[in-house]
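Chains here go by letter, A, B, C, D, E, F and G, matching the order in which they are written, and residues are numbered from 1 within each.
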């Protein structure tokens, strides 16, 4: 048994895929999070329908948009 | 009478089906949860209209997307 | 005068109909609930436009999807 | 000046009309409520575009679906 | 400087226009409110695209539907 | 560094533009606010696609509809 | 590991891109924030589908509209 936030914590400095509401996704290095699942991603790519549409050096994603995070 | 979170707790390490808003579903092993129904799934499959569209080793699903969880 | 949660409590082990947002409904035995109206249903049937589309042995429904529950 | 919940309280055992999001309405006897405006209705009729579409002996309506309640 | 709830309080027993999400509006006498902006209206008219579609003697409007209230 | 509510406070008695969800906007004098960003506007104009569609002497806007406020 | 709000704090007085729900974006200098991710932007440009549609000297963005903030 692992709590969701503990799994997030282990994923720090690792590559994650973040799927957001509205068909938007990110792939990047998880640099931080908080209990609302607000996330900090580094060296991220924004993905729309399997294509990279933007490269973003650093971004703060607001947690209420998150569907899932895959370490 | 069983509280919803107690039923979730018994489902740890078992196969569950998770139905999300937006016609998205997952089948996988429940590895964790918290009181918001944030979930950790292992060896999961993403399902869209009864077809497996993706395999995911491990994923954190944010609870506010969940419609139901079937152990 | 009966509080909504008291009525839910009396419906434990009884057949209920649960109507969810998004035209989804369930019929099953109420096995549990919590103050958020998260529900546990046993021997449930998922109903879509008056037709049974799935049988589910046990399911946890997240309360924020619920429109009404009829004991 | 009357607080909304005080008006609800006076409507106990009286006929009310409840309008929900998504063009759904109920007419029935108010049997209970709580501070979230979760409601218990007895001898209720579900109304869709001014037509009675279902009769329901007793139902618990989750408050976050409510637009208005008319005693 | 006037706090929003103080302005609501001064509007008690006065005619107000209430605009709700979903193109629904009410005109009536404000009979009560609470901090969630749940409202009690008396002698109200429901308005849809500038036409009166219903007359309602008394109604409790749930605050989360409100866009604005004009005293 | 200025906190959002401090900026709102400085805008009291000044002209502001308020953009709401659902393509609705207001221009008027900010007469009050609270921590939920509920607002009181005076001598306001409702704007829809850059046209003034209504003049409103005084209005209380519920904060959860607000996208941005420009002093 | 950096908390999301700590990253926001470091971005004060720097250029940020803010993406909102509903295909709306802003580019401007971050002048303030609070724990809800309400933001103050200075010398901002509103962007719609990669085009600048408006220039705004100062604006308060309500946090619940935010998808991401890129310093």
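Operating definition for what follows: contacts are C-beta pairs under 8 Å (C-beta built on N, C-alpha and C of every residue); 3 or more make two chains touch, one makes a residue touch a chain.
Since this is a predicted model, take the numbers as computed values, not measurements.
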item	value
Path length in steps (a step moves to a chain that is touched) from subunit D to subunit G	3
Rounded Å distance, subunit E centre to subunit G centre (Cα mean)	33
Between subunit B and subunit F, centroid-to-centroid distance (C-alpha), Å	42
Interchain centroid distance [CA atoms averaged], subunit E/subunit F, Å	18
Set of subunit F residues in contact with two or more other chains	64
Ordered ring members, subunit A first, subunit B second	A, B, C, D, E, F, G
Interfacial residue positions of subunit C with respect to subunit B in the complex	12-13, 20, 22, 24, 31-34, 38-40, 56-62, 64-65
Sites on subunit A touched by subunit B in the complex	1-8, 21, 37, 63-64, 66-71
